[in-house]
Every structure is written in C-alpha cells, then in structure tokens.
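Sharing a structure here in structure tokens format.
Here the chain labels run A, B, C and D in written order, and each chain numbers its own residues starting at 1.
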Amino acid sequence: MCAIVGIADHKEASNLTYLGLHALQHRGQEGAGIVSTDGEQVFAHRRRGLVQDVFGNGSLARLKGSAAIGHTRYSTTGSSNIANLGPLMMKSSLGWVSLAHNGNLVDGEKWTRKLEAEGAIFQSTNDTEVIIHLMARSGEKDLEAALIKALKQVEGAFSIIAMNADKMVVVRDPRGFRPLLMGDLDGSTVFASEDTAFDLIGAKTVREVRPGEMITVSLRNHGAPESSFPFAPKEKAQCVFEYVYFSRPDSTVFGSNVHEVRKELGRKLAKEQPAPDAHLVIPVPDSGVPAAIGFAEGAKIPFDMGIIRSHYVGRTFIEPQQSIRDFGVKLKLNPVRSAIQGKNIVVVDDSLVRGTTTRKLVKHLRDAGANKVHIRISSPPITHSCFYGIDTPTRKELIASTHSTEYIREYIGADSLGYLSEQGLMETASAMSGRGFCDACFTGKYPTALN
Amino acid sequence: MCAIVGIADHKEASNLTYLGLHALQHRGQEGAGIVSTDGEQVFAHRRRGLVQDVFGNGSLARLKGSAAIGHTRYSTTGSSNIANLGPLMMKSSLGWVSLAHNGNLVDGEKWTRKLEAEGAIFQSTNDTEVIIHLMARSGEKDLEAALIKALKQVEGAFSIIAMNADKMVVVRDPRGFRPLLMGDLDGSTVFASEDTAFDLIGAKTVREVRPGEMITVSLRNHGAPESSFPFAPKEKAQCVFEYVYFSRPDSTVFGSNVHEVRKELGRKLAKEQPAPDAHLVIPVPDSGVPAAIGFAEGAKIPFDMGIIRSHYVGRTFIEPQQSIRDFGVKLKLNPVRSAIQGKNIVVVDDSLVRGTTTRKLVKHLRDAGANKVHIRISSPPITHSCFYGIDTPTRKELIASTHSTEYIREYIGADSLGYLSEQGLMETASAMSGRGFCDACFTGKYPTALN
Amino acid sequence: MCAIVGIADHKEASNLTYLGLHALQHRGQEGAGIVSTDGEQVFAHRRRGLVQDVFGNGSLARLKGSAAIGHTRYSTTGSSNIANLGPLMMKSSLGWVSLAHNGNLVDGEKWTRKLEAEGAIFQSTNDTEVIIHLMARSGEKDLEAALIKALKQVEGAFSIIAMNADKMVVVRDPRGFRPLLMGDLDGSTVFASEDTAFDLIGAKTVREVRPGEMITVSLRNHGAPESSFPFAPKEKAQCVFEYVYFSRPDSTVFGSNVHEVRKELGRKLAKEQPAPDAHLVIPVPDSGVPAAIGFAEGAKIPFDMGIIRSHYVGRTFIEPQQSIRDFGVKLKLNPVRSAIQGKNIVVVDDSLVRGTTTRKLVKHLRDAGANKVHIRISSPPITHSCFYGIDTPTRKELIASTHSTEYIREYIGADSLGYLSEQGLMETASAMSGRGFCDACFTGKYPTALN
Amino acid sequence: MCAIVGIADHKEASNLTYLGLHALQHRGQEGAGIVSTDGEQVFAHRRRGLVQDVFGNGSLARLKGSAAIGHTRYSTTGSSNIANLGPLMMKSSLGWVSLAHNGNLVDGEKWTRKLEAEGAIFQSTNDTEVIIHLMARSGEKDLEAALIKALKQVEGAFSIIAMNADKMVVVRDPRGFRPLLMGDLDGSTVFASEDTAFDLIGAKTVREVRPGEMITVSLRNHGAPESSFPFAPKEKAQCVFEYVYFSRPDSTVFGSNVHEVRKELGRKLAKEQPAPDAHLVIPVPDSGVPAAIGFAEGAKIPFDMGIIRSHYVGRTFIEPQQSIRDFGVKLKLNPVRSAIQGKNIVVVDDSLVRGTTTRKLVKHLRDAGANKVHIRISSPPITHSCFYGIDTPTRKELIASTHSTEYIREYIGADSLGYLSEQGLMETASAMSGRGFCDACFTGKYPTALN
C-alpha cells in the first residue's frame, strides 16, 4: 500500500508534501520520496525508512521549487530494492517525468514480459515501471496524452500523481479502487490519498477525484485545475478494506468518515454476533477502537481500554536472542490485569489475517485473568488475496481461506469467535457511502480479469 | 523522570534488562544505559536516544554476565550531557559500583558544594553523583553499609538499584516517593519501577519494595533476597502524579492499578464538574482515555474517540521552516470532524500544565465544527514545581500558579473548564491505595524541607 | 575514471572483488558497488563512499555466490546520483545482466536522444546506460551476441566486465583506451583494471585483455576462458595519462611498470628542462615521487622529501568557516622547512591542470625559506579535455589551453617552469611499451570522431 | 601517545584547535576532543574516531568562545572507554577546569589506590584523572597553584594545557619528556605538541616550552604570557623516540627538524651497517623514507620507492572472512616488482617492534623477485617498554627483548639485519639537538623511579 501527495504552485511545496506524507505514514512505512521542480530543474530524494527519518540532513531544503509530489511505500514481497521507491523518475522523449502511484496493476507481469521482448529495460520490480515504459513508447509528446494512452492499455488499480516541468496531472482508475482527494490551500491546488493530509497542512478538501477522472494543473500559469474523463466508464469498485482497516479513522474517503463507518460496523457486529454473557467490550488498539465503541453501544455492554498498546515499538527493535520467547505481541499489546480479571470479555478487532497474533493475545488475556474471551471481528473472514494494492498474504497464509470459523476459534483459543457477515459489511458501506465497493478479499469476486 | 530495572542471576540478564527498559520507555526518552557483570568484569553501554536505538549494533551481546541493571533518563534542564546518563559508574575504594537512581535529592546542590569544598570532582550535573561521592567517602568497605551511610545523609526521593561484582542492592527512600517493585522470573529476582516490565519478560510480581526498605541479592550464591529497614521511618509520601499521569495505565503501582485509578478520577470529575449540555465525552489520547471513560460512565454521556493521535511523531521530527505554522499539535492530535460536528463536547485530559497545547487543541476542535467545548481535567490545578523527580516546569511557567481558572478558561478558549478538586484526588487515591501520598505540586505542601 | 574487477568461479568471489576494488580505490572514490550471483539469484550492493565504507554492516556476506563483478566510480560533473553507480543492473529479455564499465562513449548523448525517441527510459546520466539499452534492443538472446551488437554501434572507450547467471564476459574496445588485465587465482579466472588488484588477492597476471578482444568465462562449467575478436581492428590508442598520473606506480599496464615509466619521464625531463642552479630535487608527493627520483638521477642533483603529505586528509574534512583561509593545500602538503631553507629547489610534479594548487604550494615553499623554486612537470601542457574517461576539466579551466608557459610561470610564482615535451613523453612511452598511445589531452588529436 | 593544542584569545579558537589537532592526528587516532570557553560558559565535544569524523554535524559551531584546548588520544590497552578521551573536565571547588595531557605518570596506579582510600571516585583508567583529583584536593583556589601542588606530588611525563574561564596554563615536566611549543598567531598565544600544527594555522613558532616551565595566558586581559619555573630542576630526558618514529618529519621538536635527524640516522646507519652488495636502497614508507634517503646518500647506493603504500587503509577496514589470508600487510605495502626484480635491496625502516610485519614484507619482496633482502633499522633494538607515554607493547612482545639479532634475522627471513647502535643514535641526537635524551626503550635505563 502507498500514499501519494501533490502540491502545485506553493512556495513551500516540498515542506507541505513532507507534512502530507507524514500524515499518511500509516499507508507505507518502508520508504518515502519527494520529487520537486522549480520549472527548470528537477530535484529528488528517496530513501528507505520512516518519513521523518528519510528527510533529514537538509534534504528538504534541497528539494526546491513550487511544485512537488511525494510517495510513501509499504513493504511488499521481494521488494527491498531502493529502485522500487517512489516517486519514480524517468528521462525519455517526454523529457523528465516523475510519477507517484497508489494501487496495483493486475497485468503488470504480462506487460513486463511484453515490453522486455520489445527491448525495454527494467530497474525495479514495481509495476509502476510498466506505466512509465508505456508512456515513453506512446509516441505522444504531451504528458496527459502519454498518460492516457499508457493507462488505457493496462488493467488494475491506479491513483496517480504525475509531474513534469510544466504540469501536474492526477488520474484515478475508472473503478476508483484507491481514494484520491483534491484540496485547496490558499488558492494552491493540492492532492492526497486521504484528507487528513489536508487537515495537517491547513488545506480544505474540495472533493474526491472521481473514478476515471484526470485533473491537470498547469505549473506555468495560475489557471484553475482542468478536469476530463478520458477512460471508458466502469462500474465503481472502491476498496472496502480502506474502511475496515487501511485509512486513518479521522479521514473521509469515498464520501464517509472512516471512524463513523467503523463504529457502525461495530454496532452491526453486535447485532449479528452478540455475546450475551460478556461484562466488558475491549478493543485491540488502535485499529479496533471505533468498532469496539460501536459494539459496546450496540450491545449495551461497558467499554474499556483493557489492552494497552506501546507506541515505542518501531522498525528498529533489536530482538534479544536465545531463550526469551513470545514477548513480541506483549511488547506491543499488554492487558490491563485489573480491568479484565475474572470477567467475560468481548475483544473487538478489525480483521483477522493469519491468526497468530490473536492466538498469542488470547493467551496473554487468559494469563491476565480473563474468564471468557469472545473474539469479534468487524469484517468477514479474509479468504482471497488482493491484487489492487493491499498487501494481503497469499491465500495459503490466510487462515480463513482454508479453515472453518470453528477451527480458527479453537486455534486462537477463544471461547467464541464471530465475524461480521459479508452482507453486513456491504450494507453498512453502501448505506453510508453509496454503492460500488470491491470486497474481493472476502468473496473472491474480483471486479477485473486477473490475467 | 527515570525508570530503573535490575536482573540478578539470569543468564540473559542484559537482554531482559533491555526488554524491561523498553516497557518503561515512557518514563525516560532522553537516553538509556545498561551495566552488567559476570562476577569479574563489568560491562557498560550508555547512549542518548530511545531504548531500541541505544542498544543496536551488537551492544547487548557485549553486555555479558548474569546480572545487569538499567536506567532510562528523561531530559531535564541543562542536562544534555552524556555524563548524566545512568546507570552511573564509579571506581573507588569500594571497587567498581554501578548505580541506577529514580528520584531527586532536595539537598543535592548543597551537598555538591560541600563535597567540592572537600576536594571532590564532579563529572555530571546529576544529583546521583552526590550519592556515589558520599559512598566513596563513607569509609565503609561494604556496598550496603556505604549505601546506608550515604543515603542517611541526604534528603529527597530515591528508588535505587546498585550493583557491584558481588551483589545487587535496592533501596527505596523512607517516604516511598517513587515506585519500585520486586518480581520473580523462574527463581531469579528482578526489580523494576513498574510491573509492566515484569509482564513483558514473563516475571511475576512478588511485592513492592517498601518505603525505607533495602533488599540485597547475592550474585555469588543463589540465596534468597534479604530485606532490612536501615532508615528511620517517615510518613509515606507516594507521588500521586504517578497515578495522574506518569505511570503506564497497565501498571500496578502503590498497590493499585493505574488505569482503574484514572477511571475513578474520571467518575469523580463527572460528579464534581458536570457538563449537562454535552452530547459526547472525548479523551485527549492516550493519557486522557481512562479518565474520559470514567467521566462518560459517571455522567452517562456517550464516549467516543473524537481525537486521533498519530504515533509516528517522535524525537526526530524535522520541522519544515518558513511560513508553515501551528501544525505541531495537529501533527500529533487530529479531530474526527464527523464525530464532533455541531456537538457540545467534553474533552477530558489528565492535567493542564502551561495551557498552550490545550489552547491549540480547542481551536482545532472548533475549526472541525464542535459547538461547545468543555475542558475537564482529572487532576487539580498544578501550582508548584516538583523537587522529587517529576520534571514540572518552574512555577512561572505553570499557568495555574499565577492565574485563575476563569482566566485559563478564557486563555484556552473553552466554554467551560473544570478541574478535579484536590480533595477529590486524594480521596480517590486513598480509597484505592491507602493513605500516604505527596500532592505538593497541587498544594505546595512539600513533605520534606527543601534544603 | 573508474576501476572494474571480476572474479569468476571462486567461493569467495565477493570478498575478493572487494579487495580488488580496495586496491584500485585511486581510480574512483565517489562510490562503489559489487554484483554477485550464485547461478540462480543475483545480489547487489552499491553506495556512495569509499570502498571500505561502502561494504560495511554485513553487506559482503549478503553478496553470495561464486561469481562477482565490481566497480568504483570517480565523481564527474552532475553525477551525484546514486543511479549512476556501477555495476549497472538491468532486467530485460536477456534476463538480468550486470555490467561494469571503465571508459566513456563519445556518442553517448547522440544515442541517448535516439533511444529516447524510440521510447527508451533513462534512469542515470551515465553513458553505460546507452550500452545496456542497445543490448536490450539487440534482439539477441545471448549475452555475448547482445554485447557485440551493442558495442559495434557505439564509438569511444570501453573496458567492460558483464555478467549474467551463466557467464562472465569481458571486452576491451578495439583501440584499447583503458587497461584491463586477466589473471589466475588457483585456477579461477579474474579480471581487473590494474594488476595491483591481483597482487593483493594473490592472483597471477596471465596477460592483458587485448584491444578489441572479448573473453568469456562460463559460470556453469569450469572451462577455460574463450577469446574472440568480434570488432573491426583499429589503430591502438592507449591512454598515455595512465602512465603520467592515473595508474598506481606498482601496476603494470600496457606492458610496462608505471613506476619505471615515470622515473624515465623524470630522467627525460631533466635532460629537456635542466635546472643547473638547483641544490635539491623534491617531489610533490605522492604522484610526483618517481619522476622526481628520475629527475634527480638524470640531473645528478640530490633528492629529498622536502614536502610532507598528510594522509589523514579525506573526503569528510569539515572546513572551519569564517576567517581562516588558504589552509587547504597546507593541510595536505607541508614543506620541510629545514630541508629547503635557503636552497634553490626543483619541485617535480606529474601534471599541471588549473595551476591553483601549484600556486599555493610555491607560496608555502617560499614562506618556508626556499630561495629559487623551479617547477618541473613530467608531462606536456594539458590543452584539451579527455572524452575517453579521464575527468579533465573543460578547456576553459585548463590553464595551458589558453595561456603561455611564461604566463603560467608567473601565475604560479615560480622562478622557472618546465614541461616535458610531447615528443619526449611519446618517445618514452613508445620506447618502453611499444607504439599506440592516445595523447589527445596534450595535442587535441583525438583518435575518434567526437560527435 | 597523544597530541595537545591550545589557542588563547582568538575569535576562531575552536576552528584553529581543530586544525591543529588535524595536523597532529598521527599522535593519536583513537579519539579527539575540544573544550572551549567564552569566559562564562564552557563547551565540550569528545568522541572516538579520527579528528575529521569527530567534529562533524555542526559540533565546531557549538564550541563557542575565544579560548580552546584540544586533545587527540592514541589507543592504549583496556582503554576503549569514552571517559578516557581528553581533554578531561572537572567541576570542583576550583570551578570547572579542563585539562589536556600528553605523557604518562609512572606512579599513576599508586596514586589511584591512595586517592580511592581517601574517598575519591574514578571515572576513567586514565592517569590524567590522578592529576585533577590532586588539584581538587590541593586546597588551592587558583588554577596555577593547584596545578603546581598536584604536579609536585607525581612522577612521570607531562606536557599539559589546562584551562578555566580565566586563564590557560601550560606546563612541561622538569625532564621534558614530551615536546610542547609556544607560537604566536597575529598576537594570540598558541600551544601545540609539534610545530606543524602552527604551520597549518599560519602561526609562528616562538619557542619550546622549557622543561619544568609553566606559562600562563590570561583570558581576561590581553597581557603577555607569563613564565615561571615552579619545579625543582631535573636532568633533561627528552624522548629520543620522537625523533626515531613518533613526530612528523616536517616538525621541529627539541630544537631540530625531525626529517633532518632521521636522514642523519640513515647516514650513520649506512656507516655502521653497510650492505656492500646492494643495488638499491628502498624505504618502508612513509616512516622509513628519510632514513632511507640518508642511507642511500651515505652508502652511495641508488634510492628508489620500491614499496608503495596505500593510503586508503584506515580504521574501518572490513576484513573479509574465511580463506583469504595474509593480505593485511599487502593491503598497505605493495612491492614494485619491476624496481626490485633480481636485485639485492636494502630495506630501511625506522624501528622493529614485534617483527611480524617485517616478516610478511620480506616474504612479499622475495615473491616479487628481490634477490637479497637486507633489512636496516635506523634505531637500536627495542628491549624495554616505555612508561612515559609511548605505547610500546609489554617486554614479552618486544622481539628484541628476548631474542638475538641473528634469531630475529632468521625469523623475518632477511639475508642480513642491521640496527643502528645505541651509541650511534645518541651521538646523532646530541650532535643535532644537544644532550639530554631518554633512551630507556633501547637500554632499560629509566630516568625516573618506576614507582
């Protein structure tokens, strides 16, 4: 998963892009990059690490100019290559172009083989590179024309911010898999994957970039953003997992506030999967908090923070070796003994992927004195991998793809395990944000061919 | 403020000490250190930075031996000197001794001048150095005797873990200002400032080290810890601010679980300072969460996470310069617009020190659409500085030491501002943990002479 | 300038490549990289910095496999881009190929424009990328065939070591601008820019790779290296500046030992440009030492180390600011006052590029008490830029391209200034190593078209 | 070994101290430090590493004020403790004092025990700490008085620069073991271990600080340095090893230029230990160069640089593991095959300590084709450890302390081995610099009791 940010026409473009990436850090912690331009030269800085670590040592000051785009990247398999970090840069007959991409192509591999057969060289294992090859080969001399021609040839999810010395161009694929919003900062046009980036920099949300829409902002004259719809319309397939887990709770994406959607999922879950003997509802923090609040409200059971999350756990943790075991989950999540002792508790989490963490957590909760432990998940069982940008593991690793709920319950050691139904999830999302969601990870019904 | 950890007689002493310090990171983020011994040599590693950053590059493997003590340090004024990092080490007629100290002496400066007049050399600005000088000058050849003789001469707060090649000795001052607990890990004796350190390493809490108690563990033979009470008894003066703010919510200190105490403070606050027109209770996360839950329960007003805290904000944040202003609070705390829009909200925080952060937060909440903003603080106005180890600012900077509540309300821009009464705080603490608390920061009634 | 190293079929391939690069560090200090393969996977590590700094933190251990190629890069204009560091990597229809290149193409820019027009994307400003594009577009499926087809299309200097999972292929351009040698290490074939790399790893020099030769070593079976001459023969144009300055004195390149050639240049210089009133010959260390020894021998004037070079001067020198000036040259080169005081001295250096350093040096020598200062340069005036891989400045910055020797003498403040004649240089090189040298930097007679 | 530098009353005091330490880096590469003062506050920066690495990241700018003292430290046994890095700092009844010390006390350990018995605490294993304890306990309120009282009690070698907010005080022990010079930079008084530090910063040498002399420079008013001789005079015992190896060749210490002394030692060696069948004299660079030039001159045998030293070999070299052996010496010293092939060579080095490096070097020279290898050492056999500041190994490791010259010759594999006689060394030193040298490392005749 990734976050993208673009700032057109602001004298602090790179600083603002940096802040925007910081606000969207949850979408990608492997590395980050910013490319900026002053209309003549282009400046780039990309590194592995967290946003605040990447842009140290005066690197922001070297990213000159009044336009900038940024990208944070989430680690995916086989990709610890610095060449994979965005925004990608290319020099071609189009001049230099930089491109930040959130989403995944389903035909990336097919195109890679085809382009290689035609003499293309690949530096990364990133399917964004397919897009820039197609642009370079488009024969077009104009950034928008090249982007349109390239993107019409591929299938999949793309929210893109592209930039050259003259303009910033954003595009969202016709199904609208990934969010992308347009904002306004004192007259400058800004773009970001989630609007919390706007909150931080003091910009106002204008609207979502619409599925299939292309918006161009000239960097040469201070004209208004120009919108067009160059692609054939498709049925909307917005990623429901953005609501379930991925987006920040304080963001508004696909038209609804994420926190509110999650609370409603919790209320629904309380109806579908009640736990009548429970004394207490506790979330798995932080992502389970809104659904737990909703569940507690729906079930009329008291809510408490019975698990404390340590926020000092970062990427650089050194694992002491040898005999010490199983402290990994406890390092991050520690039960509040006094709150749960002797009680029947409902533990609410947003999703259950492999089951290993939940299993350890249940053990710690029982060690801390919980009587019954009811696990409630505010989304359906994840049975299929995502090919549109969420880094779900392979099907084999998804415990729900091959095992029954009863088996999983026994594996994690809970007294009961209840998932929100697929229908419950989609009803809630549709009721709050209108129709048009992709729930392929829960159903296997992929909205595109998969190649 | 600081955390201290000691592991006697465990083959992974340094690894466990490291994990213990990690669990207590909230008590000190400026730097950390571990000293270990194999009974012959002594090994030390101290650095500025977070625990996980300090012990990289194989430093843990170099901290050999089956006994170790550790220390994390909170930044205090004028102290960015590496010589101030603990545990302190000295070589003297006692051989080498290492000492980790949580707390502050009130007569540190007086002793420094006196010792200097007698020819002593100081390396740090740390009052712990007074203690090791007094030990070196005690004429005693035994670690415990030297510690007792030294500590009988000073006044103030000290929870101490000392170690030489032969033994580990812990002491808690007779008033018991700072917490210190003893645990057991498969037969090894362990010590820590809070018992969440025990949770992480899988140790069981045995009991608190009592005010005025000294406990010795031999590192040479596997005997039981030996307890004694070498100091004249004093009236207990446990730091109530540990309950209000400092300790982790999942810790049990001074005999009660911190989360439970905080919830109860919230309930009491709801009674003392109701907000009848409020639609919603929201905490300032993370520290305000338990009191807000208690307030909501007491006031029977719905609870919600109306402010989201970003946990990517750390020490290394690079502030972009020039024109961007006021993003500091927003970087960390962002309102959930949809949750608070048009509503009268009660915002619960644990304490109010200078008022500047709360002022910005109120502004952001109003910008996000809150109708009325009622600020409720689950502790009394802070009017006096602490001399026992909490890094409160000078009185001049404490807004409540020189201004009325009404003035502060206006300054922060709230519709109403209500503090928990001093009586309410002490009643709650006493009801839950027995009598004997220091509340000098709220009252100015210091339990010791100030020098 | 750059150094390249290749180790085929040795279980410590990466370690040996690292040592080889270390021995050739003088050819490129901007950055270094190694690519290795175990026949299935490919491993790469490239970074800016000195060889010993680049390969820290276990990076060598991660460069697995029994074949490896390495590259060190010298900083050239506009190239502080990590994408410019070698060996370059590409994934294309040829599979992955890695390529280390010493030399420069004269038609790199022309080809870049042409390839971009055909849809190619460029990541670096490095003309090596032209070669890999031509290989990817060759339509050939075989590494050698692709290399031959690509290299037949370009003009310029290339000593190349290429590698894929199956074979290591080295090529030297038909004019043989840059050196490249083949060695043998206990039956394994090794390649390097200079044979001091072989000295260090204990390999024996087999012979030079000949101008226009391609040598292939299979990585799949332990066959002998296979030689071919796929290019149309050209007149040899070995870089005489390798003798004058670039190569290590203990290396044997183009068939002669560099130290011996330099001493002979010094003897010749003594004949051409005597300094009859001199009491002492002193070198500008280290590069001027052999010529100074030769000059002293030829002129029968005593030799002494009258200037001491500090070897602590590296890349990371922090320049203290403000009022301190002109310490730059002195930091590196300090006169031995007692040796030169009151004497007429001949100062021998290998070349004179801009004149600024020599000017400061002459001043320091006079300040230290030298009576007369005669500057002797063991090469002719540099009047033209090199387009074959030596990083000479532009003509404008070459003091001899626009100024007379008398002007330069006055500018540097010497009592006399004498260069070796172009004829003297070429006679010496030819006498020692046979005919066929490029001396374009002294004459402007470029052996290729320049595009 | 160490270097010390002091700059009194110059607005760029820290910058100049930094440059001075850089020039004296050869005297200590383990770590460095600078302490400066603006007359009110004191600023310190000490770190392990080379001078240019220690003072990065703006640390020089933080060392404010117009007076500064600096120290570089050479690694000695058991001392990888940052507390050992100079200049030492203390806060005591004297206020703060900082002290940079070159030399070693012979009674350091005795004093440490005595002071510990009196209640002193030690932080380092550095005998400089004894001096500051004695100062703190002197009862004196004045820096000079405290220094004099302290230094009268100890025995050994000390060249010291001390500083507090009011004055800079330098002292040299009455025997004058270690060099120390006073210079003048545009009216500011400066001090340094060797006068090459003055060359670099543009200062002029005024004179040596005399054995037993104390010089005080007020930092409050711009008065002239004041000299006194507070100690009972002793027979001079200047370290002859400064001439043999330690000082920079371009330095003038003890009244003579080091390079000239070394050349003369070479001439004398040629007379004492001729090598009549030799074709060539080659130095072991860099330290053997002047003696080799002198030997060649004395013996009338041609001189050549037959061994090339790589200057990229630093502290951070990563040794590749496993099967590669013996490249350590070759990495640094590589024979010039063509220069020595088939020849009888005299290899001149300054000293021979353990013999292991020379042994490997002889092997490499033979591998490179040398016929006979005659080793000549421009100093006598080292048979005793130094207790005055040179880090000679223990006697057991000194090959000449337990083995005959013939045994050593055989061990290193040379055709002949000749040392300069002790008489020859002392005659030369005395002839050039007057009487009064310590040659205990060659004779065991220590000029002081050893404790």
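In the analysis below, a residue touches a chain if its C-beta (ideal position, glycine included) is under 8 Å from a C-beta of that chain, and two chains touch if they have at least 3 such contacts.
In this text, all values refer to a predicted model and were calculated from it rather than measured experimentally.
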| item | value |
| --- | --- |
| Minimal step count in the chain contact network, subunit B to subunit C | 2 |
| Chain separated most widely from subunit D, comparing mean CA positions | A |
| Result of counting contacting C-beta pairs for A-C and C-D, higher pair | C-D |
| CA centroid of subunit A to CA centroid of subunit C, Å | 49 |
| Whole-Å gap separating subunit C and subunit D, where each centre is the average of the chain's CA atoms | 36 |
| Residues of subunit D touching at least two other chains | none |
| Complete list of chain pairs which touch one another | A-B, A-C, B-D, C-D |
| Touch list for subunit D against partner subunit B, complex | 82, 89-93, 116-117, 119-123, 132-133, 136-139 |
| Touching residues on subunit C, where the partner in the complex is subunit D | 11-12, 14-16, 18-19, 22-23, 25-26, 50-53, 55-56, 60, 196, 199-202, 248-250, 252, 256-257, 259-260, 263, 286, 289-290, 293, 297, 302-305, 308, 310-314, 316-318, 320-324, 326-327, 330-331, 334-339 |
